[in-house]
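To keep things simple, chains are lettered A, B, C and D as they appear, and every chain counts its residues starting from 1.
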């Protein structure tokens, strides 16, 4: 297991370009926040799909690190997103991840994505992460 | 909208071969039960994957009918399943569907599948249904 | 690796209830045929979705066995299907699988499903199989 | 239908920040190229997953525009990606999209993603796009 602080420091060090912040982590879940500005918008004022996918990917990664400790080599194996509603152009995106299974080799979780302040998800993601076998050594 | 009784009668009439029963429906959700016998098992005592997919498909369909009324022509557009744990060979499968969006043309929902009596899901499904445009006339 | 005959015998022994026949296997691919009768149809004359998923599942399994040998414990890890066109009610379903990756622990493939005699797919599947670590011993 | 030149101009005007170039389009398919530099890499020299998803999303969009004409309001409805191999850190990403169905309301396609110069895909995507009803007026 890794604490909120350890994970936030790890993200800042390994992914200095990410704009995601860790709002909460633990108990097989994580909440991530990503601010939205002009660079994240598509014509029509929609948040670009790849931004939503990136937030979901980080949310899954953080939730998994919270369970298995800091394992830099865990990699996304698959990610499926369904777009549900148009996100607000002027609200941050919040990603709430809940892990469904953390096995020795594979972790599976779902992420609901929201425009901050709304209870209706803008998208829903299911993702799987492959966990390297030598995780004990890496952690 | 359709009631529990209307949907159960519709299933019995239109899908006389289904073994699924409707345990609950309403409020954008549905719970389905499917008994497990020798015909649903694979070597090793695992419930066959297509049985789980079929239960999820019915759960999505019933939840949607609960929202939009009896629309026989709604058809599955996509279905994604992740297998999480080995189901019990001697327990019924319970599928719990929650709809995430019911639009005019497309409904999206997720289904958690359990061996009856357990809280750990054996599989998780996300599915989409296409809703025919003339639903008002059909309902 | 396993031959066409070995795989057909394995399917007949382990899955005596399956109606799928192996039309071809080898070179990271497989072709499966499933006859369609009244039991596979839904109201409206559509082939039931779970039948299509089952054919895809067998096609993936057979293609993988063709690569790694007879490994009874390989299990489906995920399966995603998109329904594209209404299948013919009076034609067999043909599933053509091509593997995209066969790793030590996970194999990934796609399956195009057709009504026999047509070149337009009725559905498309991507699936992953988890391969047990002791495959050498089992093969 | 829209020509290669029309689509390239549309992308440059509507998505001035995209680094994707249209290598080919037509006949229900499209090929997209995205250069890879330091900003697209993750620790370990892997191309970031969201970059691959973005290339696939553009490839699907361009292939669809090639079929139905310039329809700015077509939006991604779902996207599923399987990561297959580690991409080269110093090669562009090439995305090759083939549409499987272009209906009135929904288009479905698959995208194989490669490191330029390699024949082994690094990832595979299936995506769906919702097409607005008033496409004729918009085109």
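Rule of thumb we're sticking to: a contact is a pair of C-beta atoms (placed from the backbone, for glycine too) under 8 Å apart; a residue touches a chain by one contact, two chains touch by 3 or more.
All values reported here derive from a predicted model rather than from experimental measurement.
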| item | value |
| --- | --- |
| Shared chain contacts [chain B and chain D, defined touch] | A, C |
| Chain whose Cα centroid lies at the greatest distance from that of chain C | A |
| Distance from chain C to chain B - Cα centre to Cα centre, in angstrom | 23 |
| Inter-centroid spacing, chain D versus chain C (mean Cα positions, whole Å) | 28 |
| Inter-chain centre distance, chain A versus chain C - centres from mean C-alpha coordinates, in Å | 33 |
| Sites on chain A at which at least two other chains make contact | 77-78, 80, 82, 128 |
| Chain B contact footprint on chain D (complex, rising order) | 77-78, 80, 105-106, 128, 130 |
| Chain C partner contacts - residues on chain B that touch it in the complex | 14-15, 17, 39, 42-44, 46, 48-51, 53-54, 57, 72-73, 75-83 |
| Residues of chain C that touch chain D when the two form their complex | 80, 82, 84-85, 100-101, 108, 110, 121, 124, 126, 128 |
